[in-house]
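Read through the structures below before going on.
You will see chain A twice below: alongside chain B first, and alongside chain C after that.
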Partner chain A sequence: MLSNGFYVAGIDMGTAFAKVVVLNGYGIISSRVLPAGKNYLETAEKVMQAALNKTGVNMTDIASIVATGNGAANVSFACQQVSDMSCQARWARHVFPSTMAVIDIGSQSTKVIKLDEQGRMKEFITNEKCAAGNGRFLQVIAYVLGVPLDEIGPLSLKSEKVVKFTNSCAVFVESEVISRVAEQQKKEDILAGVHASIAAKVASLVQRIRSEGKHVLAGGGARNIGLVRSIKEKLDCPLLVPDEPQLTAALGAAFIAWDGLQQE
Partner chain B sequence: MDKLLNKFASIAVNLYPRLIQWKKETGKKIIGCFPMYIPEEIIHASGMLPITLLGSDDELTLADQYVHPYICQLVRGNFGLSLKGELDFLDGIIFSDFCLTVQMISDIWIYHKPGGFYHQLILPKNMSASHTKRYILQQFNGLKKTLEKLSGRDISESSLKKSISIYNENRKLLHRLYQVRRANPCLFRARDMATVVAAGMLMFKEEHNMLLSELLYHASKAIPLSDGKVRLILSGYLCDMPELDVLDLLEELGAVVIDDDLYVGRRYFHTLTDESINPMEALVERFVEDVPCPTKLNQKRDWADYLSDLVKEAKADGLVSVALKYCEAHQYDFPVLDTSLSQGGVPNLMIESSHRGATGQLRTRIQAFLETLGGRDGN
Partner chain C sequence: METKIRPLKMTEKLMGFVGKYWQDLWENHRAGKLVAWCSGVSPHEILKGFGISSVYLEGYGGFCSVAGISTDLCNRAEALGYSPDLCSLIRNFIGATRGTPAPGPEMLPFGGLPKPDLLVCMPYCPGIYKIWERYSRYLGVPLVVIERPRLHDALGKEEINRIMRDTISELQEMITFLEAFTGRRFDYDRLSQSIAYEQEASKLWWDVVGMCRNIPAPMSILDAFSHLFPFHCYRGEPEAVTYYRELKSELDERVANNIGSTIGLEKYRLYWDNLPIFFRIPEHIQKFASYGAVPVAATFPFYFGFPELDPERPLESFAKYSLFTPANVGLQARIDFTTKVVGDYSIDGLVMQRSRTCLVVNMGQDDILKELTKKTGLPSVVIEGDVCDSRFYSDSEVNSKIDTFMEILARQGQRKGQGDDCGL
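And then the complex of A and B:
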C-alpha cells in the first residue's frame, strides 16, 4: 500500500486533443488539454510538461503513467497502455458508481460502454461504419459554417426549425450543409439538424448494445450543450453529464495507474 | 522448424509464379477453384492439380471497371487477377454459387474473358430436403464428366478412392497439427497456421502431406512454452485468406489463437470423407455434413453451438469473429450468432476486415475486448 503522496498520471492521446491528468491520493493535482499535433510523442511530452508546469511536481516524481487513446502506443514514457473503453469504465465507476453505461463521443469514434453491477466493462460497441456520428464531424461542420467550435452548442439551442439531414456519410453531409447554407438556411437550424443526426446514431448504438439504466456522457462531444440536449431527447434513460467530459479517459487512465501501484 | 514454416509461407504468399514454373516442369494441368466447396478430390483423381483461388490484396484492380463497389475483396481480387492475365496459366476455372456475388461474377467473368474453360457448379442451399443429396450427386457427376473430357482420362472409382484417401490423410495430419497447437499454442503464430493450410491449397496434397509430417515431427518435439496470454478462437474469413496483419495485431495485443474456425484453417480440413461408401456419394455426404456455414440452410448443427463447443473443448477465453467486408451471408448471421454466443456465456467480438491493414480503431476494439477477458489492464 502506497502513501497518498505518490503521484500518478493518465494521458489520453486522442486524434484531436491530447489530455493529461496528474493526481495523488488526495485528489487531482493538475490537468491539461492541448490540440493533438502531427507527432503523438512530441505532443505527449508537451502536454505532460504543460500539466506539470507550476505544480512543483517533476516527471521523475511520477510513480506510474498509463496511456490511452489512439496514439497511446506512441507515448514511450508511459508504463502501460490501456484501451480508452477500459479507462472510461474505470472513471465512471469512481465518479458515478450507479451508472450502467458510458457514452463516449470522441473525435475519432463514438462508443457505448456497458458496465456490470460492479462497474466493470462488460461489453462495448463503436460506430465502426461511419464518421457521421463522431466529434470530428462536428469540427468539420463548425468550420464550414465559420462558427467557433465552442459556440456551436449554444447557437444550436436558438433553432426554431431543425434542418433534416438524410445522408449517413460525413463527407456527403458536409456538402449537404454547404447546399443548405447556399439556400440561406439559418446556421442554428443547420447545427440543430447536425446534432439531431449525431444523436440518432448514438441512440442506435445504445439500442444495439441494449444498455439500460443510468447513462453517463463522456468525451469532448459532451461539452457541446446542443448535442447533449439532442441526445437526451432521443434516449429513454437518465443521462448524466460530468463537468469536464473531455478529461474522463485521462482521469480513468490515472485511476488505473493508481490501482496498479496499490496492487504492487 | 522456422525454416519449414518459412517454406509453407513462401508457397502461400508466392502464389502463382511458383505454379507457372511447376507447370512448365511437369506438363500437368492446373484447375483454379473458387472457394469453398468444390470437391477437389475429383480433380485430383483426373491427374490435374486443383488450386484454390484466394484473391489478391491489390487495392486498385481492373475489376473495378466491370463490377459495382460493394463486392468483397475475394471476388474483386480474383477477377482483377484474371483481367490482368495473371490467371492465364490455369487450364480451367470452376465456379460455385455459394453466394450471390460468386454466382453473378461467373457470368461477368466469362463474358469478359471468353474462350477459357469454365464450369459452373450449382449447389443447393437447403441441406435437408428429400432431393438434396440426389441433386448434389447429379452436379458432382456433371463436374466429373467435364473433367474427364478436359483431362482426356476416365476417372475410375478406384482412382477417386485413392484421391479421397490422400485428402483424408492430409486432413488427419492437419488435425494432429491443430492438437499440438492446442497443447502448445505459443509454438505457432496464427499467420504460420494460415500459411501452412494455404500452402496445401496450392500444391498436390501428396507433397503437402510430406511437408506436414516433417513439421509435425519437429512440432511434437518442441518444448512447451508458457504464455499467460488471452486464449482465443478465431472464426470467420469464411472463404478468403485471413488478413495476416490482423492476426499479428491480435498477438501483439496479448492474445494467442489456440484454434480456429477459418476457411484457411479448420473449416477446410475438419470433415473427413467417408471411405467405406461409394466415393461420389461420400463426397456428397461430406458437403452436406461439413461444418456449419451461413451459406447453407437446415444443417444438423447450429453454427453458434458448433462454435461454443469449440471454445469449450479448447478451453478458450473468448472468440473473435471476422467477416470479410461486404460478405452479406456472414454479416446477416452476426446478430443471431452474437446473441446465441453471449447467452451461452461465450464472450465474443465481431469485426469486419477489408484487407486494407489494421486500423487504429480496430486496435482499440481488440484491445478493449481482450481487457474484458482479463487481459492486460488493471480494471
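And then the complex of A and C:
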C-alpha cells in the first residue's frame, strides 16, 4: 500500500487549455490552467511547472503522471496516456459516486459518458463533427458580440426574450448572430438563444445514449452558468455541477495515476 | 510486444488480377466491342451471354477511394453543381467521368472508365437510379433498369412469389432488349456457364469470409473488403474462381497452423458495421492491431455472391440473389442476420461505422445497434466516416473514439488471447 505522502499528477492537454492537478493521499496539492499554446510539449512543461511553483514539490518527487486530452501523446514526461472520457468517469466516480452519466462540454467536442453501477465508463457518445454543440463555438460567439468569455453566462441570465436560431451549423449561426446584432437584438437574448441551441444538442445526445439518473456536468462549458441553466431546462434528470468543471479530466487522470501506484 | 500486421500473399497478387481485368476491358473497348456500365446487383452474367464487357461502377468508386483521389473527384462533381450531400460514391463517379476540371487519365485508376455503349442498373437505392437516368441522356446511350423491390418484413409468401415472377420477367425483357440492341441471339449456355462460375466464386468467397470465425482469424475483415475487388471485376468469370480458390488455400494454411492476421495475441474480436471507409483501411487495421484487436466480422462482404445460384435455373436463381441479398431485406431480417454474424464470430465489441452520405445503409443502423446491445450486451462505438469523401472523416476524432472504446474493452478483460508470436 502506497503511503499518503506520495505525489501524483494528471495533465489534461485540451485544444484550448492545458490543465494540471497534483495530489497526494491527503488531497489536492495544487492545480493550474493555462491557454494551450502551439507546442503541446512546451505548454505541458509550462503548466506543470506553474502548478508546482511554491508547493515545494519538484518534478522528481512525482511518482506518476497520467496525461489525457487531445495533446496527451505529446506529453513525453507522462507515464501513461488515458482517454479523457475514462478520466471524466474516474473523476465522477470519486466525487459524485451516485451519478450515472457525465456530460463533458469541452472546447472541441461534447460528450456524454454513461456509467455502470460501479461508476465505470460503460458507453459514450460524442457530438457530430460540428462545432455548434461545443465550447469553441461559444468562444466565437463571445468574440462576435464583444463580450468577455467569462461574462456571457451571467449576461444571458438577464434575457427576457430568447432569440431562436434555426440553423445548427456553427458557421451559419455565427452569421445569424451578426444579423441579429444588426437588427439591434439584445446581446443577452442572443446569448440565451445560443445557449438554448447548444442545450438542445446536449439533450439529444443524452436521449440517444439513453442515460438515466443523476448526470454531472464537466468541462470548461460547465463554467458558463447561462449554459448550465439552459441544459437544466432541457434535461429531464437531476444535474450536478462541480466547482471547477474545467479541471475534472485532469483530476480524473491524477486519480488514475494514484490507482496505478496502489496496484503496483 | 508490439503487434504487427501479417500481410497475405494474395494481397500482392490482388492488383495483378484487377489490373489484368482493366487492361482487357480497355482492349475490348478499343477493338470496338460493347461495354456496359453496371450498378447495384446488375446481371453481368446476362451481358456475358451477349459478349458484352461489364464494369461495376460502385467497385470503381472503391478503387478511387483506396487510391486516395475520391475526395478530389467529389470536389470536381461539386464544381458542376452537385450537392455535397449527394452520396460520395456517386459524386466520385461524376467527378471521374464529367468532373470539372476534367481529371486526366493518368490521375484515374486504370486510366479511367471506357465510354459505355449501354447502362444497366438494378439499383439498391433511388440515388443510383436517378444518376443513370441523367447519364443516359448525357451520353446518348440506352439505360436498362431492372426494378428490384426492396423486401420488407411484412411481405407474405404470395407477395414474394409475385415479386420473384416480376423480377424474372424483367430479366427476360432485358434479354429481349439486348437481342435487338446487339442483333445477336442470346446464348443461354453462356449464361448457365457464367452463373456456374458465379456460384463457385460465391461459395469460395463466403467460405473465405467464414474462415474469420477461427480464433485467431486468419485475416482481418477489413482486408476482406479489399479482396472483394476481383468479385466486382470478374463477375461470372473463371478468374474469380481461381482468385478465391488461391485466397482460400492461403487462409486454410493459416488456420491449420493457427496463424492469425497479426503477429501477437488476438485479444479482442470486433464486428464492423456498414460500408468500409476505403481510404483508411490499412490505418484502421493498424490502429486496432495496436491494441491486439482484430475486426473479424461484418455483414457487408455477404452483400456479394450467392451460393444458391443455380446454373440449371439461371434467371430464377439470379432473381433470388438480387432480392434476398442481405442488402435488400427488411429491417428485422437485417437485425437477425447481423445478430447471427455477431454470434458466429465470437465478437467482443461492435464498431458501428456511420457512413455520412449513404442513407440507404445507415437507415436502421440505430435499430440494429439497439437490438444487438440488448441481445448480446456487447460494448459498442459509433464512428463517423464515409465511403469516398474524406472531408466527412476526422482521424483524430475517430482515433480518440477507438482509444476510449479499447479502454472499455480492456476493462472487461480479454477473453480470447489466442494467436502466436512466431514472427512469420
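Going forward, the second predicted complex is superposed on the first by the 264 of 264 C-alpha atoms of A that agree within 3 Å, B and C clash if a C-alpha of one lies under 4 Å from a C-alpha of the other, contacts with A are read in each partner's own complex, and residues count from 1 in each chain.
The rule we apply is simple: a residue touches a chain if its C-beta (ideal position, glycine included) is under 8 Å from a C-beta of that chain, and two chains touch if they have at least 3 such contacts.
Keep in mind the model is a prediction, meaning the values are calculated, not measured.
Taking chain B and chain C in turn and counting the residues of chain A each one touches, the greater count comes from B.
Of the two partner chains, chain B is the only one that A:Gln80 touches; chain C does not reach it.
Of the two partner chains placed by the overlay, only chain B lies in contact with A:Arg90; chain C stays clear of it. When the two complexes are overlaid on their common chain A, residue A:Thr126 makes contact with chain B and with chain C alike.
In the superposed model, A:Pro242 lies in contact with neither chain B nor chain C. Judged by the touch definition given at the top, the superposed model places A:Ser109 against both chain B and chain C.
Using the contact criterion defined above for the overlaid structures, shared-chain residue A:Gln263 touches chain B, although it does not reach chain C. Within chain A, the residues touching chain B in one complex and chain C in the other are 70, 82-86, 109, 120-124, 126, 128. Of all residues in chain A, those touching chain C in their complex are 70, 82-86, 109, 120-126, 128-129.
Here chain C touches chain A in the complex through residues 379-382, 384, 392, 394, 396-397, 400-401, 403-404, 407-408, 411, going by the rule given at the top.
Residues 351-352, 360-361, 363-365, 367-369, 371-372, 376-379 of chain B touch chain A in their complex. Contacts from chain A toward chain B in the complex involve residues 70, 73, 80-86, 89-90, 108-109, 120-124, 126, 128, 256, 259-260, 263.
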